[in-house]
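Structures given as structure tokens follow.
Two complexes come next, and they have one chain in common, chain A, joined by chain B in the first and chain C in the second.
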Partner chain A sequence: MDLPFSLTSELRDSRLIIATSGYVNNIGGEAIATEFNRHFESGIKEVVINLAQSKVVNSIGMSFLLEIIEKLEDAGGRLVFSNLDPAVDKMLTIMGIFKFAGKASDVAEALKSFS
Partner chain B sequence: MAATKALFSQLSSRIDSLLEGFRNLSKINTIRDLANQSADVLKRIVPDTSVEMAHRPSPKDKAWEIIIGAGAQIPEKLIALSKQKTASASLIREVGNSICAIQRLADHTSIGFVFSRIDKAAGFSELDLLSLRLFIQLFENGYQNMIYHRNEKGLIFSLNHRILQLNSLIETGIEVEKLDHTSSPHHLALVRAASLTNASYASLRVTYGKDVREQYTFPEGISISRPSKDPNHIAAGFTFHGETFRFKLFDKESRSGIIAFEETDQLLLDALARQVHASIENRYLHQQALENQRIEQEIAVAAAIQQKILPVALPVIKGYDLAGINIPSKSVGGDYYDCLPLPDGRYALVIADVSGKGVAAALLVSSLHAYLTAYLEGPFALAELAARLNRVLYRASPDDKFITAFIAILSPDSGKIEYVNAGHNPAYVLNDRNSISELGLGGLPFGMFPDAAYQCDGFTMGRGERLLMYTDGIPEAQNEARELFERTTTLSTYFAEHKPESAGSFISGLIRDIKAFTLSAPQSDDITAMYLWRT
Partner chain C sequence: MRDPVSLKIELPKIPDIELVAVEGLDRLARFAGISEEKIGEARILITEAVINALEHGGDESPNVSVEFTITPKEIVIYVRDYGRGFEPSGIADPEIEEKIRSKNKRGWGLKLMKSMSDDFHIESDRTGTRITIKKFLN
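Moving on, here comes the complex of A and B:
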């Protein structure tokens, strides 16, 4: 049985990588935001969110992602999405997210984009 | 006058600073950030002044939430000030060494300020008071700008979400139409419906009567047990070929908790359900078309095989005129006829009819042809040949299939004919006195019983005499009124009354008259006939 949502996170060279699994809805979005805030308050400003295992994002989940983007933008930081399912990619494109955040095919490419 | 000019001159420089400061506040998203940054602006225009701020979210609520400051007296001062009735949106009073102000904001909340001199002995000048009033007014403008900006972002987000919903509706429609038998269009539609309406959970149930054929949830594995009258759900569905598909969405999310589904959510779910319905229907029709195509291909192959079995041309028998025809009712028929030359100079005239039509009948006919050809090469008497044919065809035929046949062995020089009738229509012989004899002796149709025995008979065909062999598709040809050809004239009578100058003319005339009778009615059975005339 698949759990609805879970995430893992790691720091690499002061860059936060959050990998999600499951439906990014209210619960999922809040979990991402909580994990982000924990590291943001420690000064982390470069963040990768790996959505490889999240094929579905709703607008509530997206609102949490938007807040992360705005916080990073205000702090001079940046968010990059990686491993996007085509449907999620299209959704983020239509919602205009990529005007304020980046996307990459995988985590390695995302980390390179910060340099 | 000079004092007023000096005042305005000082005020102008402070205004410029104020405006500069508030221009920089245009990107503020929260009241706390607005308060903190405006406090910095205040320090520049009214130096040595501290400000404490509090926010009252509701006009009915007396509670003030402190934004800047730590003193418990801030709310007390503001509560005391707020008791003063005024129609103005702005209330400003000196309270001891401080200036307290309450400003009603664009969203009907209120902001309260307590301005205090760091040097408590110092007071506020007229310029300071004017500056503070301007500060409060511009704070209110900044707050309004923040609200508009927030609303604008919310509006843009909402519009983009509507575009997303429409785009997803179109794309889902395209994706569910893709005729991939491994994919489940209804699963895809359920997931899309859930994410586009912000449903927390979704379920799909496919039933056939009381049988539950499929249950699927999103997220997968979630157990949803809700009462049927649960208000926090919407549903849509359809029935196709007895199967009912029921989509349900539960618990619409928002940042502030579960909210009611909107009318547009129901419209979206209905639209997706309709798309799935159309997709399933199209998939079914496509499979039907593929099956029909496969059957047509099989029929084409069987027809090609049958064409090879049926004679392209009948042999020319010296002293005789022979003609035959076969018109299958479908592309592959169950009738067979042929005239096979035997090694000893005799000829075997055969006509047969397999019960049923189509590919299975055609395959059995080809078996008959193969075995008959083989046995005719052997030393068997006609009765023995018939019995052997019966045994092999019994093994080769399905339970519901049998073959009626009439086999006649012609010795052309003498005109002697030996025949066996295996359950077939009696052949007719028209003698020179214009009387008809029926040739019916034989036995059961081939393939009914494994050990059936057969009797043969014979006669001698004189010059001018004629033999007609046929299948029941001729007397039983139907017109649109379902009348049979033989009701207008029996075949034996037709045979006696039509004695054209060639066998071919008889056959073509018979077919012409049948077609004139049946007109546009579809051909109900194969039509086969063979006509032999000893000239």
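Moving on, here comes the complex of A and C:
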């Protein structure tokens, strides 16, 4: 199974959208956190992580996303996950991540939730 | 599919080797006519079980044995490492409120395996750890 990780990011109205593709393991999780940090240092506090193309993730990868949530909590910002595979949705629910982050069916809904 | 289909593999400790187990699961599930939707959680269970075993396996025998069987009713996953073992009851479930503020944000594998499976059994001693997970398909 070849699931190389990659990501893209874009800013829309000062909101960061990170879209991943492939397996979110420790390397993928760290790459997401690095991309977030680059924008967070510039003042970005509203973030969407679109996992539509990541059907396989692991808890080590997800633990990197807790760093993002911690920073956004401290800065009064917010993270919203979008396009979650049902199994990934369940995984994040069990971890309790949605106590501190939102979820949306797609990026448009995620962006709307910030308004 | 009427008869169970099984796969046994021995995984070496190399990066992302857990994806070999996931690929095996996908192929067996397709052969058995099980929908993608139904195996999503089993993919995560296998991934977590293998990375947990690789992390806690011993240096002398770092390989991990994986076996899974698919029947019309369930997927049974068996993962074994050859590490020093641990006391499972001594591992507290992580809490998100603490993990977010902790330097160590990892340690979710056991909680996820227990919570996502329909039946979870772990045995651990000085010869290693054996995890058996069942995921019902109906």
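Here is the rule we go by: the second predicted complex is superposed on the first by the 112 of 115 C-alpha atoms of A that agree within 3 Å, B and C clash if a C-alpha of one lies under 4 Å from a C-alpha of the other, contacts with A are read in each partner's own complex, and residues count from 1 in each chain.
As a working rule, a contact is a pair of C-beta atoms (placed from the backbone, for glycine too) under 8 Å apart; a residue touches a chain by one contact, two chains touch by 3 or more.
A quick note: this is a predicted structure, and the numbers were derived from the prediction, not measured.
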Mind telling me which of the two, chain B or chain C, contacts the most residues of chain A? C
First (chain B), second (chain C), both or neither: which does A:K99 touch? second
Considering only the touch criterion stated at the top, classify A:G22 as touching first (chain B), second (chain C), both, or neither. first
In the superposed arrangement, does A:F36 touch chain B (first), chain C (second), both or neither? neither
Now for A:I69: first (chain B), second (chain C), both, or neither, which partner does it touch? second
Kindly classify A:F81 by the partners it touches after superposition: chain B alone (first), chain C alone (second), both, or neither? neither
Would you tell me the residues on chain A in contact with chain B in one complex that are also in contact with chain C in the other? 1, 3, 23, 25, 55-60, 63, 66, 70, 90-91, 94-96
Within the complex, which stretch of chain C touches chain A? 16, 18-20, 22-23, 26, 37, 40-41, 43-44, 47-48, 51, 95-97, 99-101, 105-106, 108-109, 111-112, 115-116
Quick one: which bits of chain A touch chain C in the complex? Just the residue numbers, please. 1, 3, 23, 25, 55-60, 62-64, 66-67, 69-70, 73, 85-88, 90-91, 94-97, 99-100
Any idea which chain B residues touch chain A in the complex? 27, 29, 156-157, 160-161, 163-164, 167-168, 171, 191, 194-196, 198, 200, 218-222, 253-255
Within the complex, which stretch of chain A touches chain B? 1-5, 22-23, 25-26, 55-60, 63, 66, 70, 74, 90-91, 94-96
